[in-house]
Amino acid sequence: MTRNDGRTIDALRPISIKRGFTGSAPGSIYIQAGRTTILCTASIDNAQPPWMKDEVSGWVTAEYNMLPGSTSPRKRRERGKTDSRSTEIQRLIGRSLRAAVNMEALGPRTITVDCDVLEADGGTRTLGITGGWLALADAIASIAGDLPDAGKVFRSSIAAVSVGVHEERVLLDLDYSEDSTAEVDLNVVMTGDGDFVEIQGTAEGRTFGRELLDQQLDVAAAGIAQLTTIQRETLGDAWPLAN
Amino acid sequence: MTRNDGRTIDALRPISIKRGFTGSAPGSIYIQAGRTTILCTASIDNAQPPWMKDEVSGWVTAEYNMLPGSTSPRKRRERGKTDSRSTEIQRLIGRSLRAAVNMEALGPRTITVDCDVLEADGGTRTLGITGGWLALADAIASIAGDLPDAGKVFRSSIAAVSVGVHEERVLLDLDYSEDSTAEVDLNVVMTGDGDFVEIQGTAEGRTFGRELLDQQLDVAAAGIAQLTTIQRETLGDAWPLAN
Amino acid sequence: MTRNDGRTIDALRPISIKRGFTGSAPGSIYIQAGRTTILCTASIDNAQPPWMKDEVSGWVTAEYNMLPGSTSPRKRRERGKTDSRSTEIQRLIGRSLRAAVNMEALGPRTITVDCDVLEADGGTRTLGITGGWLALADAIASIAGDLPDAGKVFRSSIAAVSVGVHEERVLLDLDYSEDSTAEVDLNVVMTGDGDFVEIQGTAEGRTFGRELLDQQLDVAAAGIAQLTTIQRETLGDAWPLAN
Amino acid sequence: MTRNDGRTIDALRPISIKRGFTGSAPGSIYIQAGRTTILCTASIDNAQPPWMKDEVSGWVTAEYNMLPGSTSPRKRRERGKTDSRSTEIQRLIGRSLRAAVNMEALGPRTITVDCDVLEADGGTRTLGITGGWLALADAIASIAGDLPDAGKVFRSSIAAVSVGVHEERVLLDLDYSEDSTAEVDLNVVMTGDGDFVEIQGTAEGRTFGRELLDQQLDVAAAGIAQLTTIQRETLGDAWPLAN
Amino acid sequence: MTRNDGRTIDALRPISIKRGFTGSAPGSIYIQAGRTTILCTASIDNAQPPWMKDEVSGWVTAEYNMLPGSTSPRKRRERGKTDSRSTEIQRLIGRSLRAAVNMEALGPRTITVDCDVLEADGGTRTLGITGGWLALADAIASIAGDLPDAGKVFRSSIAAVSVGVHEERVLLDLDYSEDSTAEVDLNVVMTGDGDFVEIQGTAEGRTFGRELLDQQLDVAAAGIAQLTTIQRETLGDAWPLAN
Amino acid sequence: MTRNDGRTIDALRPISIKRGFTGSAPGSIYIQAGRTTILCTASIDNAQPPWMKDEVSGWVTAEYNMLPGSTSPRKRRERGKTDSRSTEIQRLIGRSLRAAVNMEALGPRTITVDCDVLEADGGTRTLGITGGWLALADAIASIAGDLPDAGKVFRSSIAAVSVGVHEERVLLDLDYSEDSTAEVDLNVVMTGDGDFVEIQGTAEGRTFGRELLDQQLDVAAAGIAQLTTIQRETLGDAWPLAN
């Protein structure tokens, strides 16, 4: 089976990453997978969230937004209210990134990771997690001198990818046209060590049995291993975890 | 290991269901699992949703809401805006119920399943799905005479349950106190035939490997089989699928 | 004149009340009059409302809400904003219940009485007051040990009923079909001692003279006396006022 | 008993009325009672409200708003949301004015009566009704030529006044300082013929018996008779009802 | 060229001003230019705005609102949200008035100037500034005794006027019909000493060259000099600046 | 006088522009001036805005938004409501771009130009106009084949720049630190032919006389001439106007 862009069924789209894309936030990652393009920035506020008073640990939260021009037709700007899809996605990104962080080692700070989608061609939530973790790493590196033990802040790296089922075959890293016709849609978030952080699988056109689920998890794990390698190469010496 | 309420680790909480609890909606199910209590009503609007114009099939959507008095301390009423947790949950319930329905056989109608939580003690989203499917079945039965082929509306029955990991053991159907301390939280939605509809797993305090995931999926499948039996007994002759 | 359900013109609908319907709130009353069904919960917050700072007395407030499935066609959920009818009703319920309470004896607490309508068939605002007072009584009983003089918290019991004029005859406790065609609609809130707390009369299709007002007030007073008796029987030994 | 401004207990405050205060709306009444000052404008839209489609009759609605500078301290402008007191008041004004109008004779039009309070010193809701009816009369007169039978549009004139109980005495037309200390607050809306349109009585500090209610209704009726005379003198030949 | 109302092209509309129009706010100016009518009230809050904590100076802010009946057809009330035109106008009024005030001499207070348009016939934003400054002057005079050096609060007087280009001629103080057809619309805010505070020029139907801009600025300056004279006469001995 | 970045007082910041930055919108311009970075996309909707029904011409509108990570500290995302500064800016951008377009030649379409600020260091509103016009040009070029006379759509090119006064000297194209301390802030929008489209001048710390205004206008005009040259070079053969 050949895919639109000539990829094999178990290949990621080509990834391109720029660190320090903007200078206004301590973590600023421009990440592209195929045509999907996201600006992930991580900003630090030296205060806990209001509901966390009287504790000593920190917090990591995320916001997700598609720019109006990121799709055709144009997506209406979320000003009146946040749309429910964005709400669901940003909760997923936030939970996933928090799993990577030792909040006590971070200390009483709030880091907000903003994933603003510049162009959307499928897989924005998983690419936001992969890029968001890099922005988080750069932001924490920028305050390493203020932390008692910066080396303990990260428990693991985090990356994510989608898999889907199309005509009984499992595809890795779906673009928008593939996602629209997939019968099953599974988003997998894993640590660099191969443990699960989040699994979200949805039957779109057909329900699915255990065997097909197992195949999808295998393909996803292989994809995430590649993404972890790319994350490592991107950060180089700034990789925040022991080798 | 003994649980608070004396259950074994793989036992469901006692389930109690009343059909036709209120008379104002064609489907009205009062469902209790332990202390968690939900009123699921299904209302029929003989019109498609606005975005569906020019099509001939129907739509099923869901709303989820916790009554302010359903928890202690009281939960602030969602009037200014829907909270993001409710948004996420009602999207899950809606997707799950839609997987059960053949929208063309339903015809140009919108059925809204409202899951209003009267008392919350863990597992509200999964119990809402299990009860919501029953309300949907009763609502569709009420218009069977208006449908060209009522027997084709349902593709399957749907039920859901949570599983979690606590001190390396997999627990079925967590109550609130168990849910708060679980290290992994997995919600599984399946058909009566044992296929997956939705899987949502989240690492709360620790990430988890493939083996533990497999154990959880086994326990969930066994729980859902029991729930399917209860759904069958509840509907009796009104069971909308072939035996 | 015979009414739809066979009642005489001055008869209440059959009343059914369950105390402790849910376990999550200290006061939880399930109350039915005919088909109108309301869950009234009373929750206690050990803090004054924000605008009451620097005072020593407490506050009682109410919220009113119809569940979407409580009517046919389904009522749109009040999430974007509270509808103006609900606003007006919950202000009435709050004022009525506050008239029953000695706020200094309650001390610096806020009790919120939530009236969530499960099925609506007319008279929801008055039944919400009658049931809400019972929920309030149970909630205050639950903290009697924390109050310096629990016996002084209640000044009176409170109950409410509607009366209307239809074809020149005064009807007690209108159901929805009667309410829709009534020419005058009068809601009366009284203490168990027969004093007025609130009177709200509205000419719907015709204005009304003093004599007809007097007749309506007589019928309402008799209905409230019956409701007070039912409240007394419901609480039994928990009746919070001197006999 | 002497009142702050030297009035007797059954006297209205001095009333001042200007017709055609602004030129932008067909009905524009500037009305003052003591220091309470309201601009009531009535605007005509040659369309029915959206929910009234397929009918031939018209509609009258009202909005009530206090200007921020109308009180001291300044009242926050209702832009985020309408406050619940304003909601309740404008519903009362709208219902009261609708009782005066034969909607079929008005034809498929919507008249909106806006009561914008320029200065608030008690009794704004009742003065809004008294002035709003005058604005409505002028607005309907402005389209008399377009109506098949303009003489049938009004069923009656409408006026309103407040009464209260202070130290066991019934006071007519309370100003703000009197209203703040009144034990009972009763707003009465009547036709020029002496029939009731709305009665809203609230126990503020004490409940009240039937006898005291009767006294208040007597005082209110006498006050409304005086207001009706003032309305008649204000409109002169433009009085829309038969004498 | 003759204008609708017979004015010459460089003449202001007739101005009418009443001080102390309402008694509830310390500054209350009713100002009319032709048919445009605005009630400007200035209210004093003895607190700084929240974002200004830990400073010793004050703040002046403005709100602008058109009453629904101020135009035909009726303008929908801004309750759901503030419309963007009002937002832009009230920001202009606020900035303009702040330019007049020495915030340290004012001390830790917030003065809010509300410009509520009773009738709109063009030029509401500029008339709001001219009248708003008068309300501000009266409000500050009312607290002169509480200020260490009241004479230093005002740096200057402020007035504003619109100019426009119609068929190659520059018109002063446009009414609504002129404004609708003007090709250029320029609002100019100046001090009584002839300095600029704000200039906002917009090409409506045609862009404009430097020469035409210069002519407009000349006409505006002459108009503002007349407005300053009127402001001086209005305040008389209460003029807050040295002569 | 030397500026922070070594520029002379009448020099623009270095400009960098990328066309077709994203592929999802027909016009997509990435524009940088110093560190200020904006993504301007122009999207086409083949429908008129709702309020324009029954006309044959088109419409151009703009939205302006700062990404949360575009400033430090992070800017709260505008989801609850649009902040008033953004409202004011997007109205300016929209009016400015509309001045460039012959709406009848555009036909019944709506083009929305979104200016999303990726990094903010002063001058975002003027750079948004300069870049927005380029995005508009590319979007219109993409539908040239569908237009009866594409050559008539543009009346002119549009560019904008800020000037300010600091210590009596006029500075061109202020960055954030300069803008914060400027005494006068003037934003000028001009056509490529040197006509004015919008002028918005604000006295921040001091008012200003006519002579200083004239100097600022001269400096702005020279800056805009340079920006027009850059726009011409950017579009090359795609320049939509006659030479």
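Just so it is clear, A, B, C, D, E and F label the chains in written order, and each chain counts residues from 1 on its own.
Assume a residue touches a chain if its C-beta (ideal position, glycine included) is under 8 Å from a C-beta of that chain, and two chains touch if they have at least 3 such contacts.
Not measured: the values here are computed from a predicted model.
Centroid distances from subunit A, each centroid being the mean of CA atoms, peak for D.
At the interface between subunit A and subunit B, two copies of one sequence, more than half of the residue numbers in use appear on both sides, so the contact is built from largely the same positions.
Per-chain Cα centroids separate subunit B from subunit D by 51 Å. Centroids of subunit E and subunit F (each the mean of its C-alpha atoms) stand 28 Å apart. We define each chain's centre as the mean of its Cα atoms; on that basis subunit A and subunit F are separated by 33 Å. Looking at subunit D, residues 81-82 sit in touch with two or more other chains.
Contacts between chains close into a ring here, every chain touching precisely two others.
Order of chains round the closed ring, starting at subunit A and going on to subunit F, comes out as A, F, E, D, C, B. By the touch criterion stated above, subunit F contacts subunit A in their complex at residues 21-25, 28, 35, 37, 39, 41-43, 45, 63, 65, 67-74, 77-82, 112, 114, 116, 118-121.
Across the complex, subunit B is touched by residues 81-82, 84-85, 87-88, 90-91, 95, 99, 156, 186, 190-191, 193-203, 207-210, 213, 217 of subunit A.
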